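Below, each structure is written out as structure tokens.
Okay, so subunit A shows up in both of these, paired with subunit B first and subunit C after.
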Partner chain A sequence: MTRRQTGVLLCLPALLLLAVAFVWPMAILARMSLNETADTGALVPALSLATYTRLASDSFTWQIAWDSLVLAAGSATVATLLAYPMALFLFRTKSRYRNLLAIVAIAPLLVSGTARVIGWMAILGDGGMINAGLRLLGIPTQHLINNWTGVRIGLAESVMPYTVLALLAGFGRLDHALEEAAATLGAGPFFRFWRVTLPLTLPSVTAGWMLGFVLAISAFITPHLMGGGRVFVLATEIFDAATQTLDWPAAAALSVAALAGLSALMLLQSLVARRGSV
Partner chain B sequence: MKTGGVTALLASFGYAFLLAPLVLVGVMSFSADSYMSFPPSGFSLRWFEALAQNTAMSKAARSSVILAACVTMLALLVGLPAALAVARGQAPSWVAALLSAPLLLPSLVLGLGLLMALQPLALVATWPGLVLAHLVVVLPFVTRIMTTSLAALPADLEAAAATLGASPLRAFWRITLPLALPGVIASATLAFLVSFDEVVISLFLVGPRLTTLSVAMFRYTESRTDPLVAAVAVTLIVLTTLVVVAVDRLVGFSRTVGRV
Partner chain C sequence: MRSVSAILISTAVWFAPPSAQAADPARLMTYSGIFQDNYTDVVIKPFNARGTERLDYVPGDSSAAMLGQLRTQKNDPQLDVIIMDVTTAALACAEGLVEPLDAKLLPVIGELDDQARSSGGACGPAVTYDHLVTVYDSKAVVPAPTSLKVMWDLKWKGRVGLSAPPNIQGLALTAIMAHADSGNWKSADGAFKALRELAPAVQTFDPQPDGYTLVLNNTLSFASGWNARAQLNRDRSGGRLGIMLPTEGTVFQINTINLVKGAPHRDAGLAFIAYALSAPAQKAFTERMFYGPTNATAVIAPEAAQRTAAAPENKARVIPMDWNEMIKLRESWNQRWRREVISAGGR
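Now for the complex of A and B:
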């Protein structure tokens, strides 16, 4: 038996598993999107793009697509702005607690998303921490949950650990000698940050933002639980079509279209990143 | 020095934002109120008592543990040989790409595809269906950690064993596997935690008679807002921390998974 044959044999169980439980389901999903749905809601086997054209001619589809983009972009921006100083601090600190602080930054990943939503309800809810504070100060209370504001905050927090990791991974390019050189030449701290630190870390900021964006636009738990049924995004729409209205062709077509959009976006980003590094 | 102070101050805002919900979950789990309100009117263990008496939650927890244990064992059985082939450069490059591909896909889309594929086979809301689905999610983690762990082993040890007359299987069993044990334990732990925590894909595949703890928590939060789920979360956080610390003491996560 050649090395190659041994290799294929060793991979065979994993490949079989992925064929059955990954490639096959994705093929079924793509095939499902070409079926049609009758007015009664019944599934009509077909081989057409009717479901795609039906969704594309519905202005609600474009509305939720746009809302999803805006929401994910907003959450990714909040997450990146908050994560940047954390990553910079972790990169520079000589503290003996550095490893502990790095672990704390990604610890939320080990806590279930539902539990973190519960935490946000206690903070943002009508009887939550912020509104309790506002009442104490005699300021009118605010609706901070079961709307877009709440979902934006919750999503920003849920993608932040990944953003910190992505930023930290890219900070290797940041050479402290360059910042010192700028200081020697008389640059003040803020000028130094603006003209040296930020430009050097900009590629990792783009990568971190992009990761946050992709994760936020694919997220389902947070928009569903923190939106209180008033926030409609692509993920909640796909889930409802699959499990509530049982319009499987629509759920499949939305998924395929969303995947195509995301792939195009990631391809664009890698092209831009490659051009930037040349 | 001054910029360092500003960075540290801004970093502490980030930490506060990131950790606030976790702290509040902790506070809420000890609330004496029957609904979520801050500050709680008093502290008690009533939600932990309610949790101990909640049969639906404990049944779901039992299912989750069994499911995660099965998934972990099968993922190691399937993932280890594949990781060995990738680490030795014996596998075609597309295999390595395919092995991590499920991670690139949103779980919602993967769950939807699995629902559509498993429904005609009557595998929805069954153990085999859930195990298959979780295996796909867990396998990329297992193969990735095991590939790193196996590639770090000195290659000439197996060759030495072969020179001394050991068959390839015996060399693997007696030399490679014991040396790779820290990686095996680390990937088993991660596999268990990922399966136990998985919720989006499971949502499509559970049924009234078979559900997981994360789905039960999700469904509960959908319909009611009281601190019960906070009590579940605190229990899980304590258990997870114990497991992670124990494994870290045993094999050193930072050594096997790579330093953060």
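Now for the complex of A and C:
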């Protein structure tokens, strides 16, 4: 058996699992998107692009697609900016508590997403801890939840642990000797960071941002629970179409379109990353 | 060898689906939570106690999720009876997922009131009535309000929670306001104008986990809700949760009971539907959970009847709205809420 055949055989179980658990359901979803919905809401079997046409001709669909992109990009950016110094510290520290600190950094992943959001609701609510503190200080209270602000805060927090993990995984390329060489040549701490550390860690920053972006754009719980019915994004729209208006073809068409769009973005990102590394 | 067999048999039993482990009872799917607790106590247990047929309660999520189950089981039904919202049941009926039912097949249908018989169309009739109410914090809102207009008072700015469409509470509220404004529940321009004015006072258009909880934990002072759950929450809160059936009126939320097409236990399913629609079962459930009865011969205790739409003074405030007509307006009202109301209520 050749090396190539062995490789194929080893990959076969995973490929089969992928086919059953992902490709087949996606094929069913794509088929569902070609059905139609009657005025009464009843599902009408068909082979038609009418649902795609209906959605594409509605400016609201484009608005929520744009809002979803902006929200996900913003949340991923905030998460990456917050995660970077934390991950760099965890990577460099020689403390015997390093592992404990790493666990603390990713501890939010140990709590269910819904429980985390409910925690945020108690903290950010009109009568929550932050507004209670502002009231004590005589500062006007702020609306921090049931709007876009709350969703941005919740999403940035929820994707941050993943970004920390992605950054930590990529920091292996950071050679400390190069930073020492820069210091020997007279570079100050800021200059060293700007010209040596940051460029070397940029690929992991991109990977961490992309992971955060993908998780944020597909997030449902945070926009649903913290948006107060004011935040419309692709995930909430798909949920409403599937479970409230029972427009399954629309839910399926939006899902297929979102998957295609995200795949295109990730392909573009990998092409840019490859060109950058050449 | 014997112990190996025992292990194999017990393993097989462990992995077998629950329906194969029991004596293969019929299966009812409907709402989970307090509906399940109360319906099981006063309807399912007495039915099973008769000893002729057995029925298992399969908790569902929303009506939409239950319709999803029916759609996916179309070629191999695992359920026998389903209780769901009339708008969703209409889809199940149109898609041929449930059977037509009439008084010839089930004579008890002849005991139901006219609306209950007609609301399910050719398929299952109404089994419970509920109606939209406004719940409020009875400690903070004094005197007790009688009209929806109280929510427009600037005093309550940021203390109002409304469930916007596609939630049917939002559709029902729009219809009530349209009826109060124009006398026709479909002519909603005036209602949307008033809702736009109310929007800045609204804290959330999607109360989570629900309006009753948010009023009781002092997050909101007003929220929209359904009467039956509101009545239970009022009792549990010692009267803290106030309930208003406004002078503007209300609309029914109707649940229908349906026999699944191709049900594996059709006879037991039909027997249960007959029991659920009978006067004793209707009386028991109304007195337990304050859903209005659909069987006209059910004699409800006056103190319970007062708390449902069965009371004459409450019934007089019910707007004759057809949910099947409403479904045709749903998408346009949904869009108007988003573009005109919610956008005017930025925070």
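Heads up, the rule we're going with is that the second predicted complex is superposed on the first by the 254 of 278 C-alpha atoms of A that agree within 3 Å, B and C clash if a C-alpha of one lies under 4 Å from a C-alpha of the other, contacts with A are read in each partner's own complex, and residues count from 1 in each chain.
Heads up, the rule we're going with is that a residue touches a chain if its C-beta (ideal position, glycine included) is under 8 Å from a C-beta of that chain, and two chains touch if they have at least 3 such contacts.
It should be emphasised that the depicted structure is a prediction, and the values quoted were computed from it without experimental measurement.
Asker: Based on the superposed arrangement around subunit A, label subunit B with subunit C as either clash or fit.
Answerer: After superposition on subunit A, which the two structures share, subunit B runs into subunit C.
Asker: Does the superposition put A:125 against subunit B (first), subunit C (second), both, or neither?
Answerer: So A:125 meets both subunit B and subunit C here.
Asker: Comparing subunit B against subunit C, which has contacts with more of the residues in subunit A?
Answerer: Touching more of subunit A: B.
Asker: In the overlaid three-chain picture, which partner chain does A:171 touch, first (subunit B) or second (subunit C), both, or neither?
Answerer: A:171 contacts neither subunit B nor subunit C.
Asker: For A:246, using the defined touch cut-off, is the partner it touches subunit B, subunit C, both, or neither? Pick first, second, both or neither.
Answerer: A:246 contacts subunit C only, not subunit B.
Asker: Considering only touches as defined above, state whether A:52 meets subunit B (first), subunit C (second), both or neither.
Answerer: Neither: A:52 stays clear of subunit B and subunit C.
Asker: Considering only the touch criterion stated at the top, classify A:89 as touching first (subunit B), second (subunit C), both, or neither.
Answerer: In the superposed model, A:89 contacts subunit B only, not subunit C.
Asker: Check the residue A:24 against both partner chains and state whether it touches subunit B (first), subunit C (second), both, or neither.
Answerer: So A:24 only meets subunit B here.
Asker: With the two structures laid over each other on chain A, which partner does A:112 touch: subunit B (first), subunit C (second), both, or neither?
Answerer: In the superposition, A:112 touches subunit B alone.
Asker: Give the one stretch of subunit C, out of 135-143, 207-215 or 243-251, that collides with subunit B after superposing.
Answerer: Residues of subunit C that run into subunit B: 207-215.
Asker: Once the two structures are fitted together, what part of subunit A is touched by subunit B and by subunit C alike?
Answerer: 121, 125, 127, 224-225, 242-243, 248
Asker: Tell me, which parts of subunit A touch subunit C in their complex?
Answerer: Touching subunit C from subunit A are residues 38-43, 60, 121, 125-127, 143, 146-147, 224-225, 227-230, 232, 240, 242-246, 248.
Asker: Any idea which subunit B residues touch subunit A in the complex?
Answerer: 2-4, 6-8, 10-11, 13-15, 17-25, 27-28, 35-39, 77-79, 81-82, 84-86, 88, 90-92, 95, 98-99, 101-102, 105-110, 112-118, 132-133, 135-136, 139, 143, 193, 197, 199-200, 203-204, 214, 217-218, 221-222, 225, 227, 229-230, 232-233, 236-237, 240, 244, 254, 259-260
Asker: Taking the touch rule as given, give the residues of subunit A at its contact with subunit B in the complex, in rising order.
Answerer: Contact set of subunit A toward subunit B: 3-4, 6-8, 10-11, 13-15, 17-18, 20-22, 24-26, 28-29, 32, 82-83, 85-86, 88-90, 92, 99, 102-108, 110-123, 125, 127-129, 132, 156-157, 160-161, 164-165, 189, 192-193, 218, 220-221, 224-225, 235, 238-239, 242-243, 248, 251-252, 255, 258-259.
Asker: Which stretch or stretches of subunit C touch subunit A in the complex?
Answerer: These residues of subunit C touch subunit A: 62, 64-65, 67-68, 71, 87-88, 90-91, 94-95, 158, 163-164, 166-167, 203-206, 208, 218-219, 324, 327-328, 330-331, 334-335, 338-339, 342, 345-347.
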